[in-house]
Amino acid sequence: MTGWRSLLLRRETGIAVMIVLFCLAVGAVKPQFLTLNSLRIILLLTPLILIGAMGQMLVIVARHVDLSIGSILGLTAMVAGMMFRYAPEVPWPLAFPLAIGLGAVLGLVNGALVTLFRLPAIIVTLGTLSLYRGMTFIISDAKQIDRQYVPSALKAMSQTSPVFGIPWIIFIAFGVALLTWWFAMHTRIGRQVFALGSNPVAAPLRGINVTRVTLTVFAISGALSGLAGIMYASRWGFVNPSNTGNGFEFQVIAAVVIGGVSINGGVGTVPGVVLGVLLLGCVSAALPLLGIPGTTQSAIYGAVILIALVIDRMVRMQGRTRGTQRAGA
Amino acid sequence: MDSGSNPVLLSARGIAKQFAGVEVLSDVSLDLRRGEIHALLGENGAGKSTFAKIIAGVHRPTRGTLVLNGQEVDIANPIVAQRLGITLIHQEPISFPDLSVAENLVLGRDAGAPLARVPWARMLAEARATMGLLGVSIDVTRPMRGLSIADQQMVEIARALASDSRLILMDEPTAPLTPKEVATLFTIARRLRDEGRTVIFISHRLEEVRALCDRVTIFRDGRKVATEPTAALADADIIRLMIGRPLKEYLHKTKTQVGDVALKVTGLTRPGLFRDISFQVRRGEVVGLAGLVGAGRTDVAQAIFGIAPAEQGSIEVAGRPVRIPDPAAAIALGLAFVPEDRAQAGIFRSLPVDQNITAAVPRRIAPVLFIRRAVERALAVEAVKRLRIRLATLRQPIGELSGGNQQKAILSRWLLTDPQVLILDEPTRGIDIGVKAEFYDRIGELAADGRAILLISSELPELLALCDRILVMSEGRLTAELPRAQATQEAIMQAAVPRLQGVAA
Amino acid sequence: MLRKSTLIGLTAGLAMLAGAAMAEPLKIVYIGKNTGNPYFDSITGGFEDACKSLGCEFEFVAPATAEATSQIPFIEAQIQRGVNVIGIAPNSPDALNEVLASAREKGILVLTVNGDITGSEQYRDATILPVNFDIVGRDQVELVGSLIGYEGEIAILSATTEAPDQNKWIVGMNETLKSDPKYAKMKLVATVYGDDQPEKSTTEMEALLANFPNLKGVIAPTTVGIAAAAQVVQSRGLAETVKVTGLGLPSEMRDFIKDGTVTAFQLWSPYNEGWLAVHFAKGVLDGSIKNEVGGTFEVPNLGTITINPNNSINTQAELTTFDAKNIDEFNF
Amino acid sequence: MTETSATARDAAPPRPLWQVLLIRPEMMTLILLLVGIFAGSQLSEFFLDTDYILKSFTLSAEFAMVALVLTLVIIAGEIDLSPAANMALSACLFAWVQAAGVPLPLAVLVGLGAGLAMGALNGALVIGLQIPSIIVTIGTLILYRGLAQIIAGDKSIRVPESFVGINDVMVAGIPLPVILFCLLALVLGLLLGTTIFGRQIYLVGTNEVAARHAGVRSARIRMILFLMMGLVSAVAGLMTASRLGSVRYDLGLGGELQMVLMAMLGGTYIFGGRGTILGTFLAAWLLVIVTTGMIVANVLPAWQLCVLGLLLIVSIIATNLIYSRTQR
């Protein structure tokens, strides 16, 4: 239709094409990669990252970043796990509101520090990354919550499926993505997130309540990390104070940046991020199949982030030179 | 049309505003009537924009009250203003480059809860209708990024139109517009007035004010000096009220000895910004560069100074062809550039005045390796004396000084480099009239000293008073070169405004 | 006269000092790999109980991460605190050499407990390991063999590629498979590494199932790996076709044993490592035990313990096998 | 008439001298340092011991040295989160080529060269492509650490005995790494405070556009800083290798938090333009005092994480407040 639409489409098609090419290339070497079963494996790798990426996308679109999501995931998962262990009489589904609510509060703390004191989010969340992880150790007395305490019904959500053999957890993740898409495209505050990231100086002049929008994106990011915390307990069946959520932020930021969300704010789409998550999932699932040692994964993540940044930058530079042409002349 | 008897819509009572302890607006009282177009006139920094921003809720007054329809209102922020039916069209278009044109149109007036649904279909339809009213063909689904300044300004105007406001403030809306667009704008403004709305029109182009406005209010030094029907004032009266003294006093420029060519540019081109610019400036000569905002004047200056070098064309300094890849090279060749945007490209806000003054002469303050504070201080003291910079101490952060004194410090920074060619981009913007006069004296002295001066200015009287020759740019091209004798405001505007005679009436 | 009385006085004084020193309780510290590692809770329990019964002071400290250098400030701090015994589960086989050497210079008894600094043995006094690691590979192969009827393809899901203990066991497994005709019909098709992370272990396990459709058994000699492997098998309903076994913690594996996903797995008693370490340290410091290869000593509940070559001490001779019958007897 | 208005617009009177001297972030750092020493001595009787504190500082000296250069980078308005990963990669490369038979001096050069190359890559992406340094260095942080993991797997590589033991070299009873740190602080302090290069770092960090207009070669200055960053990280990596006697991919893991913390605690302004080497110098000691005090008192590492996180947040809030108060 217009240049704008086609540009965004191109970015998303670009990722989709990369996914297809990658899968075909791996499939050429290992045909079993192109089976329904490996689709299932890929899908099962994605839900946590997808949920985290939805929140992170909003934060980055608003020109901030949230490095503390891994620690929020760990802390909320631990609180839920401790509820399972020490208060087994409480109905387990209550862990959902508990973890999501706690996550939202932790996210609000980030947002409040960022807005009230006008601090850069990167430093604030680097601090809370450390702080929340420390709190996880303290409340748990550095003890792991073992499988036996995590309710079977919760664990089953990662295994049993309502339809098509796809476990609940994947439906939840894609449901979150759908809700985020709706939020970003069809609510006032969702559009305000994009407006704020697009031009933070102008936002208050146009009646956008910057504090509210900033708090909202951090709260959403925190709440979704809380949901990811519960999902972690469901997926892996245990909660460990030091491992749970460790390094989560890097995976999520990688997915978001690959998905075409601009670190300069204002730009990003849910379908792009979903594709970015899927691409990472494909890479993670393909490595062991190809016999590539897991030690390379981190370098691949780093390289992919940098390449995505460079591509993003190139696209922007092109856009800018076009933008400087005058319409009238 | 006579609006003299219309009821008052908004009345400002004793409005004052201080920024960081400096009073920029004092005790302004003014009644705005329904169904009138009211001009706010004044020099840069006279307070008219600040006053408009207070009404639009961008700033809150330090003192004073606003009464809307007989009720005292507290316009705490732009949202409140919007709700009260007040819309401000900013001087520089404010847009959200990543959002679509349609969204830019509605942002700020879309009411509802945060989670309320965005009615895309209705929004697009309304946006198309509004753009149609303005006679502009812009696809409303495309993002703002990439629109020309004029198109962005049209979107701004469309936004005000669509918002159904009672009071519309336009802060220099015509600067980037083509005459045809200006004509459209004027038609719309009149229609708004006839519907009983109030339009505030800020400009310093007398012709436009005369053509459009029912009443004018003139600001000077943060005070309101007059409110009269437009017809009641002659141009000379308006200018006298604006500057507080007759125009004649500006004419300082004495005839100086014009020497060799100091700067010569040939065929300078940077696609999209300017094309095939050729001119020369001789020693002892003040050459003006006139044109509308966005005509490419600053871009040419930046290209010469190496900030954003041209893609084609050549530059000669003192008769030798040179290559200027960055400002450091330009400085080494004896060029100096006082940029237009002082806050962004001039001062180091949090650093002391002396460091600001010596920023461009590292060799002089540190002949070998270490900075010699005594030398630095001595240079700064001398500069402060010479330009009469008012300050408390040299260790004071420059951000604490007034605009005029900041500008003096920037000028003194460049004088320390002993430049042979001095490029001044709107050097008197936003500074007091008294300081302005000092600047004019200084520019004359520098030329008399045998330096070549290229003066970019939007204030035609300033150019006419100071320059030996005036170059005019329009849409990236040089459209006229007027010797002093032939230069008039009309001649300049004719060359500056693309494809048309005079201003739309 | 004067000389003699001075001497007597001195002797008496020294004796009193010595007495005072003896009365001061032994200070023992155990430095874990990192906090939040459930495995160490059990070892620490052994330390605590033994210290209580022998009247020693005990502290458990651990860094937040298992990074190579993270234990160094903790060792320095313990030297500064003047502890008598440092037990440590080293995070690096060699990065701690310098600081351990300075601890021993100060007269501190350094024991590596549950993990050794292989190749740098001269920097510690003795190592306390649960079993003789030479037999682990053999026992694990026997266990998986018994589960799959000694026939078919098997694979190994290990920790990291360089994990020294696991690699030692994998060598043992390979040798056993090759040399013992009993296992001739079993074929080791792959050895993969899950880096002791649940995510990676899971994808590796999934890849094993995809690459080797005829897989019969998987040995995962690591607590993270066996749990991840069991979970994959459980969620795909393959418990009957693919037998998962290895080394695991009863607390983490209980569910899998109960629902039949895993028939049996092995481990030792981490508790006994702590228990033994304290008794050994106390004996060495009060002179009742000589820290010499070939020497023996008695430990309550464990019986006679021999000091093996390299000053290596084991708490038990054989691995303990856990299955549905006995799993509830263990709570670590 | 214009005279009066001009006077009205001239700014308020300057602050009194005592305020200028006392309301400085470094003062906050110094006070915290004294409080830290006092608190440490109250927490544990074993704490107040110069040798022990010096020894503990040796463990952080490498990070502290990087933090000094990082201070310059932050003052210039950029940031670098990759130095800890850079330390690991350059040390791993050094140990790896050395183990492969390359002579020791050459291997050292390889390590230092690798560090420079990593700094150059950061600089090229930030300055050449104009991508914000914060996100570039998050990317390279993952990349460099990942490459170290590819090179070294997860095994440690021994370094030759002749290279081991920098921390045991004593100069006048002070460990060599501490001496090196102090020397570097002195040199960088002079560089920043008394030379044109230092002055131009402040100019670039305060207003990059204005600095370029004033003829400051901002790109060159920032590139030099990223290269310095790469070099000092490599030096720090090799020092760590010498101290530990072996190298593994996880060397310095998470060190970026400590480095940033040292710079922030020393009053370096996160948005650039302000900060001093003295501040970072004091902050490095403060951080060592705080962590050492907690470790020797057997405080749970969990509390240390909390305290570090809180310190980071509190220090930027305090710094911002101080700067916004003294800058009207």
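For reference, chains read A, B, C and D in written order, and residue numbers begin at 1 within each chain.
Quick note on the criterion: contacts are C-beta pairs under 8 Å (C-beta built on N, C-alpha and C of every residue); 3 or more make two chains touch, one makes a residue touch a chain.
Quantities reported herein were computed from a predicted structural model and do not represent experimental measurements.
If you take chain A and chain D together, the chains in touch with both are B, C.
With respect to chain A, maximal separation of chain centres occurs for B (centres as means of Cα atoms).
In whole angstrom, the spacing between the mean C-alpha positions of chain B and chain D is 43. Chain centres here are Cα means. That of chain A falls 37 Å from that of chain C.
Chain B and chain C have centres, each the mean of its CA atoms, that are 75 Å apart. Averaged C-alpha coordinates put the centre of chain C at 38 Å from the centre of chain D.
Residue positions of chain D touching 2 or more other chains, listed in rising order: 153-154, 300-302, 304-305.
Multi-chain contact residues, meaning those touching two or more other chains, do not occur anywhere in chain B.
Taken residue by residue, chain A touches two or more other chains at 133, 137, 142, 293, 295, 297, whereas all remaining positions touch fewer.
According to the touch criterion at the top of this document, the contacting chain pairs are A-B, A-C, A-D, B-D, C-D. Contacts from chain A toward chain D in the complex involve residues 65, 113, 117-120, 122-124, 126-138, 142, 250, 253-254, 257, 263-264, 293, 295-303, 305-306, 309-310, 313.
Chain A meets chain B in the complex at residues 1-5, 185-192, 194-195, 197-199, 202-209, 212, 216, 265-267, 319, 321-329. Against chain A, in their complex, chain D makes its touches with residues 125, 129-132, 134-136, 138-147, 149-150, 153-154, 249, 257, 260, 264, 270-271, 300-310, 312-313, 316-317, 320. Considering their complex, residues 35, 59, 61-65, 67-69, 72-74, 76-77, 80-82, 92-95, 97-98, 160-163, 195 of chain C touch chain D. The residues of chain C lying in touch with chain A in their complex are 34-38, 41, 62, 64-65, 161, 192-195, 197-200, 203-204, 206-207, 210-211, 227, 231, 234-235, 251-252, 254-256.
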